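You will see two complexes here that share chain A, one where it goes with chain B and one where it goes with chain C.
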Partner chain A sequence: MNKIPDLKIKDSKLLTHLNACVKCGLCADSCMFYKTFYTPDFIPATKVALVSSVYRRYNTMAGRFVPALVGAEDLDEKMAEKMVDLLFGACTMCGRCVKHCSVGVDIAYVVRKGREMLAQMDLVPKSLQATVDAAVQSGNNMSIPEDEFSGTIGWMEDELKDDLEDNDASIPLNMKGKRIFYTLNPREPKFFPLSISAMAKIFYAAGESWTLSSKYYDVTNYGFFNGNSEEAATIAKNLHDEVVKLDASTLVLGECGHGSRANRWEAPNYLNKAYEFEMTTAVELIAAYIKDGKIRLDKSANKDIVTIHDPCNLVRNGGLLNEIRFVVNSAAESINEMSPFGNDNFCCGGGGGLLAMSEFNDRRIKAGEIKADQIRKSGAKVVVTPCHNCVDQLTQLNHTYKLGVKIKTIAELVADALIIEKNL
Partner chain B sequence: MATLEIEGKVFDVDGDGFLTDPSLWNRQVAILFAKHDGIEELTDNHWAIVNIIRRNFEEKGNAPMIRTICQETGLKLREIYELFPLGPARGACKVAGLPKPDGCV
Partner chain C sequence: MDLYKIVAIVAFVLCLSMLTKQFLTLVAAGKPADYSKPSGNVKKGIRYSFTGAMSPFEKESACLHFPTYIAGLIFHSGIFLSLFIFLIQTFFLNLIDYSTIAKLLSVILVAGALSGAGILIKRVASRNLKAISGPDDYISNILTTAAQAISAYLLITGKGYAIYFLLFSVLFIWIPIGKTRHLLYFFFARYYLGLFYGRRGTWPQKQTGNE
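The block that comes next holds the complex of A and B.
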């Protein structure tokens, strides 16, 4: 058995939310895991009760002396196993239950606190921890060596010059004093670089002053999911310090749900400081280009019906509902929304680090059937989403449930519709 | 630890269906894993991709960058995505018998 962590938790938010749950059960129907399997343990309130019982055991007088009377339970091996299964393997921290909660319990926050307990006991699922370890040790979550990254960017730059028929087109690396410091999900340079060239094309059309770093370009922060705040802070600090080093005025978070949230809303707390530079997301930046007339789009380039998948950490937990729709409406001829959509949309099923956890693959794909049905019923031929993690889960769902759709990032959709003005 | 049975043969795989012991890989395994993912026949282009991934894994212990695959096979990115609809990681690396790469794949 791993060591029992120090559970004398002084966290007023956790305490308030643990005490607030009235077990009304409204959350049950909002959870894709419960709706898929109908296992009572999967009800969000049950997950809260689990964390609550362990909290009571080590933090209240009654829990310490007469645990059985107050429903306090030891964090023993059996309990730890159950917590790993429910808090890592049956929750994507999508927060849909939070929205439906009758008293506003931040259930995803409670789940994260439960994950923190498990992290202290070294019980983070191996494949998720490997992703964090890679980021801490190499600077990116896929351990891509710097020379291989730079080589790929050079290759994409050559393709971009050909594509735009302009030798001055570029993908700048490690340039100091640019307005924008752009970030990527490592899966882009490693396996799916078309979204890099799409964004480079948008920057080109907008005449933007921008750069990538060859060392710290990774927008992800799986420390947000594994419950280890120190690791989360290390990863966040690497990116923060690199932006300062390259003296950029705005950090633009690439199309990544949790990465945007972790860097923008969580990281200043990890590092306990206000950031020296501005932060925004790729979606908001593109929306601003369109509004300011910096780029022009021809919708007829995207004729197929599009539906939007809302990444939880950008929409329900990030407020970008309208920005995403403004951009997609500007770039495509017709949109059929999913049902439900926007703040009430379902998670793709791969959030919360679940996509990285091989341990729960079957459950993730099964829970994703809800998303597959939403896509099918929308009648769309293209699913657009500003999150690479969602893209990968959707690609698997597309394959498993034979949806026959194309999955695109926002930059890819926009790049296809760009009107490039030639300087004659 | 999970197992995967394809045409009567049983393989130890991780939860994502990647071969647990990459040293047990051979061409027959590739053919069976491809079939399991809906690729009925591995063409020369499929093999060119699989062989490069396999070689990179044996030499460096990981999957190659997509750039290496493109440059060495002469295939375009979109062709690779069409050959392996699950993508280079969950599609091609799995057929090549590699462990699942870390990250959002």
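The block that comes next holds the complex of A and C.
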């Protein structure tokens, strides 16, 4: 290998996590990949060791002079291949292992740093990189042309007017000075347009002042997954600048786990500044509407037993455990929690960019069997989750493992229970 | 002063210097700037990271592997005790002169050494642990287990001074080099974890007021 990538150790956080693992191996049982395949390679400590062993080899005296003694490894082609396989293909960075690590190593963070090294070497899996390229070039990760998106929104708006019997009902595009700038996962206009109208109904019922952008509406940021911080920053900046251009006071992050995390928690650090506007997630917004009495719900509209799939980046890594439960409890009659749930939930398997990496499809679906078992055991007929990537993965698991459940977003569940009074 | 005691003191000073250097490197590097707006309490998160989050009821790795967790607790208690005893023996007084205290301490050390031996056996016997282990893992375990064993032997019999100080010399040289350096990095790791989860309101879990 000609070029040893720079791990960019700028502060003590990475230095800490590269030096803290004691290889106790207790993280194994927290990892769905290990629990599915029982391969020692899939133990989270192995993934940490891949990155830390390379760090040690090129950055420490012991690693330079007595590498075998301290587990320092050369970064050669074999090592790079292994890193791609394990850091991209066997980890969703869900962070379940982090919470249960004996020491407190931020394994997901180290995995991401490993991905950054691989990105510097142009070793990002092609299908994932293509998704990022699409977002950078077109403004959304599915390269939906702007006029196609506007057209979809146009007919969604027509259907909304018919549904609500109100010609003033709207799905505003590019309106300046609104309170809320809403964002979506591009999968919605492409495959799940009803989730757009669900949120539009909620906004209508709440009498909200809101808008979408026809160009930069994408909440996702696959730069968070591919390890290329510059691309992540470009994607984040496009959205940030659009919010400023349309002069909205609050950016609402649509139902997407990594998108919410990438914008809410990571993007200010990509751009090295605190944002000038407020940021909140769709779940928190809906929770506020319910609490403030801006929307009213009839639980009896959702009679089927519901279970909640907790998106890792919204709950464990985002703190929204109780907000999600508040909303779902307000909208559905009967909830059975999975076991474990909440901060201890298992990832659906679709995170970490894996949904975009067709190279690892079989592994992703197999690892998702743990989630499928959880759903089955809950006895629920409906699985609700505030993340479209999770919806996608859960839909595939539903089909593969014949679960016979309906998958819904929070907005769809709430919209079904909405008591709408016409806006006059 | 005996030569082996001098060697041990030099090794101890070297160990302290190297750990201090690592500590200062960490402090000088600073924590990363975070421009995101917190939704939880960072201080509470850090506090929780060192307290509640370490409980076996919160940590799946502990409750799923309870015997290993207990062995780890005893093992670490023994290690810290053996280091403390080294300082007392080397610089202050001869604990062997206080036979009741010496015997009491040696019970903990023997338990620690047995726990360390058990953990070592597990590392050799378990397919997973063997796969992720290297020389560092075995050396660290053997040295820290042996340190407790030799400390107990010394306190019980009053013999073995030379090997006691020589073993601790090797241990002190190894501590900052091997994974034993986690005695420093552990605290920074817990701090950063508490910072991460505290900022987001996961530790402790923030309430919405509608629970």
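Following the convention adopted for this analysis, the second predicted complex is superposed on the first by the 408 of 424 C-alpha atoms of A that agree within 3 Å, B and C clash if a C-alpha of one lies under 4 Å from a C-alpha of the other, contacts with A are read in each partner's own complex, and residues count from 1 in each chain.
The working rule: contacts are C-beta pairs under 8 Å (C-beta built on N, C-alpha and C of every residue); 3 or more make two chains touch, one makes a residue touch a chain.
Just so you know, these numbers come straight off a predicted model, no measurement behind them.
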item: Partner chain(s) touched by A:127 [first = chain B, second = chain C, both, neither]; value: first
item: Partner touching more residues of chain A, whether chain B or chain C; value: C
item: Partner chain in contact with A:362 - chain B first, chain C second, else both or neither; value: first
item: Touching partner for A:67 - first (chain B), second (chain C), both, neither; value: neither
item: Partner chain in contact with A:151 - chain B first, chain C second, else both or neither; value: first
item: Partner chain in contact with A:104 - chain B first, chain C second, else both or neither; value: second
item: List of chain A residues in touch with chain B within their complex; value: 127, 130-131, 134, 141-144, 148, 151-152, 155, 185-187, 189-194, 220, 256, 355-362, 388-389, 392, 395-396, 399
item: Complex contact set, residues of chain C against chain A; value: 25-27, 29-37, 39-40, 49, 59-62, 64-65, 68, 72, 126-129, 131-137, 139, 177-179, 181-182, 185-186, 188-190, 192-193, 196-197, 199-202, 205-208, 210-211
item: Chain C-touching residues of chain A, taken from the complex the two chains share; value: 9-13, 15-17, 19-30, 40-41, 43, 45-46, 49, 62, 68-71, 98-106, 264-269, 271-275, 279, 287, 291, 315-319, 321-323, 325-326, 343-344
item: Of chain B, residues touching chain A in the complex; value: 14-18, 37-38, 62-63, 65-67, 70-71, 77-78, 85-90, 100-105
